[in-house]
Amino acid sequence: MPFQPMLGGMVATQSDVEPTPFRDLDVTRSDSSLRRFLHGLPGVDQVGAEQRAAALGTRSIKTSAKAFALDLAISMVDLTTLEGQDTPGKVRTLAAKAMRPDPSDATCPATAAVCVYPDMVATAKEALGSSGVKVAAVATAFPSGRAAMDIKLADTRDAVEAGADEIDMVIDRGAFLAGRYLEIYEEIAQVREACRRENGESAHLKVILETGELQTYDNVRRASWLGMLAGGHFIKTSTGKVQPAATLPVTLIMLEAVRDFREATGTMIGVKPAGGIRTAKDAIKFLVTVNEVAGPDWLDPDWFRFGASTLLNDLLMQRMKMKTGRYSGPDYVTVD
Amino acid sequence: MTTSADPRATFDYAPAPESRAIVDIKPSYGLFINGEFVDGHGKAFKTVNPASEEVLAEIAEADDNDVDLAVKAARRAHRGWSRMPGAERAKYLYRIARIIAERSRELAVLESIDNGKPIRESRDVDVPIVSAHFFYYAGWADKLKYAGYGEQSLGVAAQVIPWNFPLLMLAWKIAPALACGNTVVLKPAETTPLTALLFAEICQQADLPPGVVNIVTGAGGTGQALVGHPDVDKVAFTGSTEVGKAIARTVAGTDKRVTLELGGKAANIVFDDAPLDQAVEGIVNGIFFNQGHVCCAGSRLLVQESVADDVLHRLKRRMATLRVGDPLDKNTDIGAINSAEQLARIRELSAVGDAEGAERWSPPCDLPSHGYWFPPTIFTGVNQAHRIAREEIFGPVLSVLTFRTPAEAVQKANNSPYGLSAGVWTDKGSRILQIANQLRAGVVWANTFNKFDPTSPFGGYKESGYGREGGRHGLEAYLK
Amino acid sequence: MTRADVRKTYKLYIGGAFPRSESGHSYVVEDAKGKFLANAALASRKDARDAVVAARGAFGGWSGRTAYNRGQVVYRIAELMEDRRPQFLEALSSSEGLTSRQATAALDAAVDRLVWYAGWADKLTQVVGNANPVAGPFFNLSTPEPTGVVAVLAPQQSSLLGLVSVVAPVIVTGNTCVVVSSFARPLPAVTFSEVLATSDVPGGVVNILTGDATTVGPWLASHMDVNAIDLVGLAGSPELAAELEVAAADNLKRVHRAPAAEPDWALEPELDAMTRYLETKTVWHPIGV
């Protein structure tokens, strides 16, 4: 009897291993093929990435450029409340602020969206009416993502049915760190399906990576690609419930990812840093990074958002300073 | 390609100029000898702002007699300075370090005006390292017995420095010399004397004993007189390899000790498994930092053929975001070429690159109508035989070559009379160590480039010179 | 009837072999009293050239050895010298006119010197290298590396202890060398080359040219593939030494200048006998995850 190699405990016969040329092996076929692809992406040197971000942070944005950046930043804010103590009243106030951030100045742009829990979507939708300000809902057992799949999908469908324009989902970081990439891919794809409305349209899906739990920039890059491959419209840094949240270097890595993804596939994906961006100065650093890393195409609320709450008031105070030439104070912006 | 339908205005950065008001440039400057500013007896010359060609000041030229006076002053001062307890010398150096930090903005602005380098670099790189360098060597002054090079100073050091990092090179020369008990006569470059003369004021402000630091301005002739002066014990030079060789010949047969920090043509090696985005930053920093006026510039990119197209694509995209212009604008990445002469040299060698058949590329960029400017440039299709792969251009011009295997990368990298620095980019640790071992260069930056620190020795192999500046090793040149 | 001697013409030692001078020239070596001792090959500029090629060829392998191994190889030279004591003593007595006691002292010192240097091979890096605490997230290490091919104009007076004292520091640190022996006293150098040939020192690491440093030296000083030169063999000839230093500037060789007079080789060497042929390489690497 001829020698027969042992393959995984099975006896291989000649007919079992008949070679055929393989082409177009789908990278999303299995955990191992996803792993090969994601781990084949160029690595990220932490020190170099952080120094690049720090250098971008030294750009000096003054006068007309600053005025432009402040208005742009306001228009990119997903004005957010994600607290256990949220009430319909709170959400309505937030919606009013989103539509007219500066009641004294009609030229002040509205924010991009308000971002709430699914149970507040209907309230927010009603308050925002036809203003054009979108409603984003966090779903899929936000913020930990620790629930059964059917519950996550039900969570998503509830929000969509209540009128959410955008769904901010969380990935299962445990699965990611355990290397179960395919599971995350399938999860994102299913949530994306759950975003469909009966009329054939679909809520936009933002995929929250929770980069503070992924720890390394290599992981951030891989998770970004995973989110994009699975069909997310946006990749988003954080829930805001884990520190560190949206740092400039993490956002830099994600902007590199969407830039490279567009070059590879022709598909443009948005980026949303969320959590921890509190000052206009910080926001402008992010916009500089968008401009110089992903490119000016992303300088648009359709492609870049800030998930924030207190940021808006600082943007407004800086905006008043630009208009009036004097420093403003907290009493001159609305408190929510 | 999916793009936004909204024809939104682009994010144009408005001018963000650093104020010049902080510097007070005098109409004319003398020599700094024995603690005082005195007239020079050579033919005075002008220093200009290379970004505008505006004349900044008239500078005295030291003739042979002036140089002799400076050396004599340094000799007289050496007696007291070398016998002063190290702890006391240290305090003067700490004072200088502190004053530099306090006057850092003034020094940075003046450096950018006289040299043409972006304020971002003079503010964030040059001047902070200058202060740190004095701070570092101050601490050595009373600890020399632990350094392993003896404790006795050499005497009078003749120091000649270049125009690319005027104040930083001054610090690299003066700080260790003084810490070890030597006194110095320093000649700054003809085109960039202003920060050295402001440093002279700082010496006065620090009450440094007269004659410990003397600064003589002038061109090559002044430098020759200084280096050739029979009563100097030590010559330290940073500049071109050609002049370095001339100095080595001048001091032949004397007892003068010499250190030379000269030219380079560093290979920056990018392997296919490199962290590509950081590698691109490293390539950009390696060749466009300080307009490429850097002896350790990564002027030869050696990229593995399998990723060459990808790397070049990323590099060009990145280069398109570089901002060339007013050195005092806080957003400027690439400033002015230091002089008309240097600009001519860059143009000449670039023309040679064209003639040799290499392909030139620069991003679209509007250059100012006055001053000396050269756009960030890469040449592809370069091979080892091309002059632009062998000669130091000393400008923002990168030669791109490819390789196939690690052995070929090392062979090409080492195939140069120079050996100052090198870069290697790969995510594989063992490869880093092997390549770093095999590169014949005094500084190897692995997964980074153009990093400098007072504690880190710097200097070259082969025709890049001898001796090390920085760190404990930097003391060796000033002790016996 | 006394037996006629078989007179020997000593040859050069290049690349581990013993060629005659390509020029065909040899010269008469006399003892300290002016009596004929032997004929020695008179090295020419082309021999110097060949020796540099051999030294360059050996550099990669030798410098790539582990420090421990280089130490052992140098120690083995000392062992083999012990084996040839009578031959060395004979050569020393005749060449330098030493008494038997003096010759023994010189030989002992030479052997001991090799042992001393052998021990440095795996310690020098620890003594002269540094981990540098840079102000940033970088690993930064400075280590010594051999400069390359060193031309050594060996002392004219001290033909064995002096020779060993200038060759050992060069090779123990990983350099390779081309040595021009004492002109008038080449025999100990020749015997030394015979030791090297039977030792574990790879061919080309040490190349020994018998001949005149004043004629071969300038070719080595100007040779563009030589990285450093020791001019100690020109002690007392300041003009010629200065000329060679000028020539050495063509490729910025590291130059060890000639002293006014030959030093006392019996003194314990200083560290810089080795470090002058070393480069310091500083490697940076980011520290991150």
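Note that the chains are named A, B and C in the order they appear, and that numbering of residues resets to 1 at the start of each chain.
The rule is simple: contacts are C-beta pairs under 8 Å (C-beta built on N, C-alpha and C of every residue); 3 or more make two chains touch, one makes a residue touch a chain.
Note that the structure is a prediction, hence the values are computed from the model and not measured.
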{"item": "Leading chain pair when contacts are tallied as C-beta pairs", "value": "B-C"}
{"item": "Taking each chain's C-alpha mean as its centre, the one farthest from chain A", "value": "C"}
{"item": "Chain nearest the global centroid, as defined over all protein CA atoms shown", "value": "B"}
{"item": "Centroid distance [mean C-alpha coordinates] between chain C and chain B, Å", "value": "37"}
{"item": "Length of the line joining the C-alpha centres of chain A and chain B, rounded to whole Å", "value": "43"}
{"item": "Distance between the centres, which are taken as Cα means, of chain C and chain A, whole angstrom", "value": "68"}
{"item": "Numbers and ranges of chain C residues touching at least 2 other chains", "value": "136, 138, 286"}
{"item": "Contacts with 2+ other chains: residues of chain B", "value": "447-448"}
{"item": "Contacts with two or more other chains, residues of chain A listed in rising order", "value": "45, 47-48"}
{"item": "Residues of chain B touching chain A in the complex", "value": "1-4, 6, 8-16, 120, 124, 273-278, 281-282, 321, 330-331, 427, 447-448"}
{"item": "Chain A-touching residues of chain C, taken from the complex the two chains share", "value": "136-138, 286-289"}
{"item": "Contact set on chain B toward chain C in their complex", "value": "132, 148, 241, 244-246, 248-249, 252-253, 260, 262, 417, 432, 436, 439, 441-448, 451, 453, 455-459, 461-463, 465-466, 468, 471-473"}
{"item": "Chain A to chain C touching residues, read off their complex", "value": "45-48, 50, 215-216"}
{"item": "Chain B-facing residues of chain C, complex", "value": "127-128, 130, 132-136, 138, 140, 142, 147, 227, 238-239, 241-243, 245-246, 248-252, 254, 271, 279-286"}
